[in-house]
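Paired with chain B in one complex and with chain C in the other, chain A is shared by the two complexes that follow.
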Partner chain A sequence: MDLKDKIISSYVAFEDGLDINTDVHEIRSEAFQNFEKLGFPTKKLEAWKYTSLNSVLNNDYSLFPINRKAVELADVKKYFIHDIDAYKIVFVDGKYSSFLSATTHDGFDVCLMSSALNKPKYKPVIEHYFNKAAKQDNLTSLNTAFAKEGAYIHISRNIEVEKPIQIINFTTGSEQATFLQPRNLIVVEQNAHVQIIERHQSLSEHAVLTNAVTEIFADRHATVDYYKIQNDKTSASLVDNTYIEQKSESTVSVHTFSFGGNITRNNLNFFQKGEHVNSILKGVTILEEKQHVDHHTLVHHIEPNCESHQDYKGIFGERSTGVFNGKVIVEKDAQKTNAYQQNNNILISDRATVNAKPQLEIFADDVKCSHGCTIGQLDNQALFYMQQRGIPKKEAQALLMYAFANTVLESVKIPEVKERITKIIANKLGVNIGFDI
Partner chain B sequence: MSKYTEDDLREELKTKQYEYGFYTDIESEKFPKGLNEEVVRAISKKKNEPEWMTEWRLESFRIWSKMEEPEWANVSYKKPNFQDIAYYSAPKQKPKLNSLDEVDPQLLETFSKLGISLDEQKRLANVAVDVVMDSVSVATTFKETLAEKGIIFMPISEAIQKHPDLVKKYIGSVVPPTDNFYAALNSAVFSDGSFCYIPKGVRCPMELSTYFRINEGGTGQFERTLVIADKGSYVSYLEGCTAPQRDENQLHAAVVELIALDDAEIKYSTVQNWFPGDDKGKGGVFNFVTKRGLCETNAKISWTQVETGSAVTWKYPSCILKGNNSVGEFYSIAVTNNFQQADTGTKMIHLGKNTKSTIISKGISAGKSQNSYRGLVQINSRAENARNFSQCDSLLMGNECGAHTFPYIESKNKTAQIEHEATTSKIGEDQLFYCNQRGIDTEKAIALIVNGFSKDVLNKLPMEFAVEAQKLLEISLEGSVG
Partner chain C sequence: MLKIDNLHAEVEGKAILKGLNLHIKPGEIHAIMGPNGAGKSTLASIVAGKEDYEVTQGSIELEGNDIGDLSPEERAHEGVFLSFQYPVEIPGVTVTNFIKTAINESRKAKGQEEMPAKDMLKKIREKSELLEIDRKFLSRSLNEGFSGGEKKRNEIFQMAMLEPKLAILDETDSGLDIDALRIVANGVNKLKSKDNAIVVITHYQRLLDYIVPDYVHVLYNGKIVKTGDASLALELEKKGYDWIKETLVS
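Here is the complex of A and B:
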């Protein structure tokens, strides 16, 4: 039985455990029918031209994993940005771990999707926002159909959340392959400000497939900084769907750091529903072995006077594959749009591949839209220069690569996150130097 | 100073009628509408083709019948009914001509209306013209001069009779019938086209030129061009076309194959001005063309195109850089106005070492048109030190048109260097102001800016052709190009 059939036949059992007389459940059933019709994406779809999920869909996944193994804080501490005080929403095999978490309802909500979906007090918010930004494509529909648990963050007006929020999904997968579908909802009201760090981490060698959906709503003047750290084991694959809706004068930035995992697909979608909106999409990808990362971005400029900035850097070694598919749509009314897209790639191995497709679709005339895309290698002259001055080749290469990625790193606003990323990069490049020299 | 604003220009573009809309009544010999194996056989028989050619056509027809029309392009149109097209029409008078005096005076008049008077060209431009009028060549000039050099330049139907070995060896070698829907259709029913062979080490002394025209209502035009440049040779080939004004949509599905053997160079320039449909989007030519060139070691193929016509354009002149050190170039200006739709670009497939490719694409959209650039740059794992530079710029006039860019960049080699950049802009008010300040009126300023915008490409056209290109740009952007 293939995964699609297995999922479809499990839906009845899933429904049994739910209150099915709710609006949310109607959304679920509709999404389920949609997935039943569409199935998993194949390479025949233009959007999946460069990424095949076939190899990961073959595993016999446990759809509703039972977590038998207790997770000790000492074992997983390293996956947190532990040197800062933060709110934490932690899931182990898709279940909330109150032991590892630190949530709050004090002035704003940092809590669970399951309570938001079930408790009447959250009903207006859920009705207003749940599944309103998400697209009805294959995998998002699949997630919506099984939406049950995840992070729920609601920041009320004028609140500046004083410390970052970490969302971490652990997988123990002690006995078999695990399929997870976290569903996050983040609502940031007028003039509020929040920083969020997200991570998916497998703790076993068994295969993991995560199909996550995150919806972010930024109201007028809101600011959201979102950091995605992807440094999972090579047995874990991730499809990360993020949908962001922005109102006037809001700023949302998403940094995606992809260093690990087997197949990682990031669908990052911005919808600008107000004037003077600023959207920032940045990413650093450093891969080796047979890893595959596909950044699929969409910025939809609907209203006038908005901006978007995209900057993705990739370094690809061994037999890895990098994909960048960035799409900018500027609607007829979105005059004075300023859309900027940059994608630079370095290949350091003969067997690595880069596929880039920077797309522009423009319907308004008074706009400034540009994109640049390069694929190349490290500058030999610069390497020679450094070697001449006594810097060993490996370190010199690492320095160049770090400098290459630095345009993305320098806009990270949480110093501890930046430090952590720098460490991961140093580790990844096999050098032991701080880059502060 | 006249107050000529962008709005005026837009208005003028809207109302500007297609100047070259006239229709020459030459008695046609026309097949009934429809397509089946019998029609394919009949075309082949009509052309008195050898058995292998008939078989090749039939095989292509069988492939075509199993294929579906592609839908991935960013264009929308009412699909042609392939059973409602007459697949063969030839002017009845078919004399073999050696000089212009023998050409039908009515034809000559047509040409002079187009501004491509043969005798003038013959005298001034030193161009040999193989005129294709409704699928069959009726005049070939300068043949003797070319023959001295051993250059073969003739209609492909004649080449099938006289040089079957060459045709058999190369036809379908770069664009096989299985390549795509329209290539398969063309392979089955192509009526005529040009064949050109440049022998080893010969530098073709003149620009070879063909003017394609559609002239008979309800006929599709299926041209097949095959250009072979043998080792160390050089040829510059020009192709241009204008079509009479028509109400019904006409289909044009051509195939062009270029083969540049070791150290050879082919320069292929196109000015395309099929009838684009009127300002309500009615009529116009569907232009579904497959053009591809193959470069062997040290060879170079350069495509230059000025696309101003057609209701729907679907065209991707490509280079397969097979040999080491081979070079591919693509320079394009695509102008769309009213309801025109263009989805055009190129493919550069780097297979050999040290291969280089350059892509310069300029899109100008006005009215309610949609202009897309779609390109592929593919570096295969053995293409050491491959180099690509791509630049796609779009200029928008008005906010009812669209400009789109769909570049595909695929690299499997670490020594390859690829750069791609694209910009979209309008004619800036500051630019106009700057010109006005210096005493250049707005009309001239727009002309200046559009000219400057397209200069990189216009510069690549051969001198003789640049005049024609200017003329065709004028129709689309009258008042802005001076």
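Here is the complex of A and C:
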């Protein structure tokens, strides 16, 4: 039985355990039918031209993994940004781990999607927001059909959440192959501010496929800073679907750091539903072996006087492949839009590949839209210059690559996150230098 | 200090150095002059270990050790410094961090501990004052958007920080106005000691008014064809290189 059939045949059993007299049930059923019709994306779809999931769909995944392995804090501590005080929403094999988590309801909610979907007091929020920003494409529909657990964050108006919130999904490998579908909902009300760090981490060499959906709603004048740290094992693949809806004067930034994993597909979608909205999309990708990362971004400028800033840097070694498909749509009413897109790539191996595809669709006539895309190599003269001053070639290369990525790193607002990313980069590049630049 | 014997080198099959000899003792300043395309910058790059050139014959010794097979960084650790004619811009790496990394990598290579931050700062302060470099300048990206003069001053600042045994200054005077030239030359003179040696590559006598050489060599067609004292530079300034070429023909 292939994965699609297996999923379809498991739906009845899944539904059995759920309350079917809710709006959410309606949404799930519709999404299920949608997935049943569409199936998994193939390379025939324009949006999936450069990323094939075939190799990862062949595994015999456990759809509802049973967590049989205990996870000790000492074993997983390193995956947290542990040197800061933070709220934590942690899942192990898709199940909430109260032991590893630190949630709150004190003035705002940092808790579980399963509670939010089941408890009456959350009903108005769920009805208003759940699946309202997400697109009805293949994989988002698949996630919606089985949406049950994930992070639920609701920040009430005027609240500045002082501690960052970490969302971590661990997989123990208690199953031969694990399929996970976390579903996160983040609602940030007027003038509120929150910082979120998200990570998916496999703890074994067994195959993992994660199809995550996160919806973020930023109301008027809200600020959301979201950091995605993707440094998983090469046996783990991820399709990350993030949908962000912004109201007037809100600022949302998403930094995606892609260093690990097998196949990673980031579908990052911004919808600007208000004036003076600022959307920031930044990423650093450093790959080796046969790793593949596909950044698929969309910024939909709907209203006037808004901005978007995209800056993606990629460094590709060995036989790795990268894709950047950045789409900017400027609607007719979105006059005075300022949309900026930059994608720079360095190939450090003859066998690495990058496919870059900026797409601009502009229907307004008074806008500033720029895009730049480069694919190059490390500058040999710069390397010689650094070596001449006594910096060994490997360290010189690392320093050049770090400097290249620094335009993204310098906008990371949590120093501990920046430090962690810097360490991962140094480790990835095989050097022991501080990069305090 | 430096002993180059019968050096032949080529790039992409084209011979550039054709049997060059150059012996330099500690405490000496040598100037190398010569027309465009004579091989002056090639010589500098080869001594520094640039891989684009193939040495086909001859040897380069530093303090009696053959350095021909060493990588550029190993030569730097041995005390070779090249002030670039065109210093490379490295966006995102500050002057301070670059020089810190350079010094600590050299120390690491010699099995020494990293230089304590306090000492590093003190040294940076001292040497930047010597080159009349503004503190703000040190936190800028290396060479990015620097004027010609700032780039060259920064090269000599790095030389001051690294304290090489052998410094090769490749057209350090080009792009400098008279004030910058004076500052740079003054810096070089202060760094000069009886234990180190300096090679000045230049087109113009002007720099040699400030950095007075013990020897002046004329490099032409891949070889040193004439050697004299400081007065040779003055003579070249007056008569031009055609004079050398004619002497060679006759």
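Criterion: the second predicted complex is superposed on the first by the 435 of 437 C-alpha atoms of A that agree within 3 Å, B and C clash if a C-alpha of one lies under 4 Å from a C-alpha of the other, contacts with A are read in each partner's own complex, and residues count from 1 in each chain.
Here is the rule we go by: contacts are C-beta pairs under 8 Å (C-beta built on N, C-alpha and C of every residue); 3 or more make two chains touch, one makes a residue touch a chain.
Worth saying up front: this structure is predicted, and the values here are computed from it rather than measured.
S.K.: Under the stated touch criterion, which partner chain does A:399 make contact with: chain B (first), chain C (second), both, or neither?
M.R.: A:399 contacts chain C only, not chain B.
S.K.: In the overlaid three-chain picture, which partner chain does A:377 touch, first (chain B) or second (chain C), both, or neither?
M.R.: first
S.K.: Return first, second, both or neither, reflecting whether A:368 touches chain B, chain C, both chains, or no partner chain.
M.R.: A:368: touches chain B, not chain C.
S.K.: Examine A:388 and indicate which partner it touches, taking first as chain B and second as chain C; both and neither are also allowed.
M.R.: In the superposed model, A:388 contacts chain C only, not chain B.
S.K.: Who touches more of chain A, chain B or chain C?
M.R.: Chain A has more residues touched by B than by the other partner.
S.K.: Taking the superposition as given, does A:407 touch the first partner, chain B, the second, chain C, both, or neither?
M.R.: So A:407 only meets chain C here.
S.K.: Please indicate which partner A:115 is in contact with in the superposed arrangement: first for chain B, second for chain C, both, or neither.
M.R.: neither
S.K.: Contacts for A:338 in the overlay, against chain B (first) and chain C (second): which applies, first, second, both or neither?
M.R.: neither
S.K.: Going by the contact rule set out above, which residues of chain A touch chain C in the complex?
M.R.: 379, 381-382, 384-393, 395-396, 399-400, 402-404, 406-407, 433, 435-437
S.K.: Where on chain A does chain B make contact in their complex?
M.R.: So the residues of chain A touching chain B come out as 46, 332, 335, 345, 347-377.
S.K.: If you look only at chain B, which of its residues touch chain A in the complex?
M.R.: Within the complex, chain B contacts chain A at residues 72, 379, 381, 394, 396-426.
S.K.: Please give the residue numbers of chain C that touch chain A in the complex, ascending.
M.R.: Listed in rising order, the residues of chain C that touch chain A are 48-51, 71-73, 75-77, 80-82, 84, 87-94, 97-99, 101-103, 105-106, 109, 141, 158, 162.
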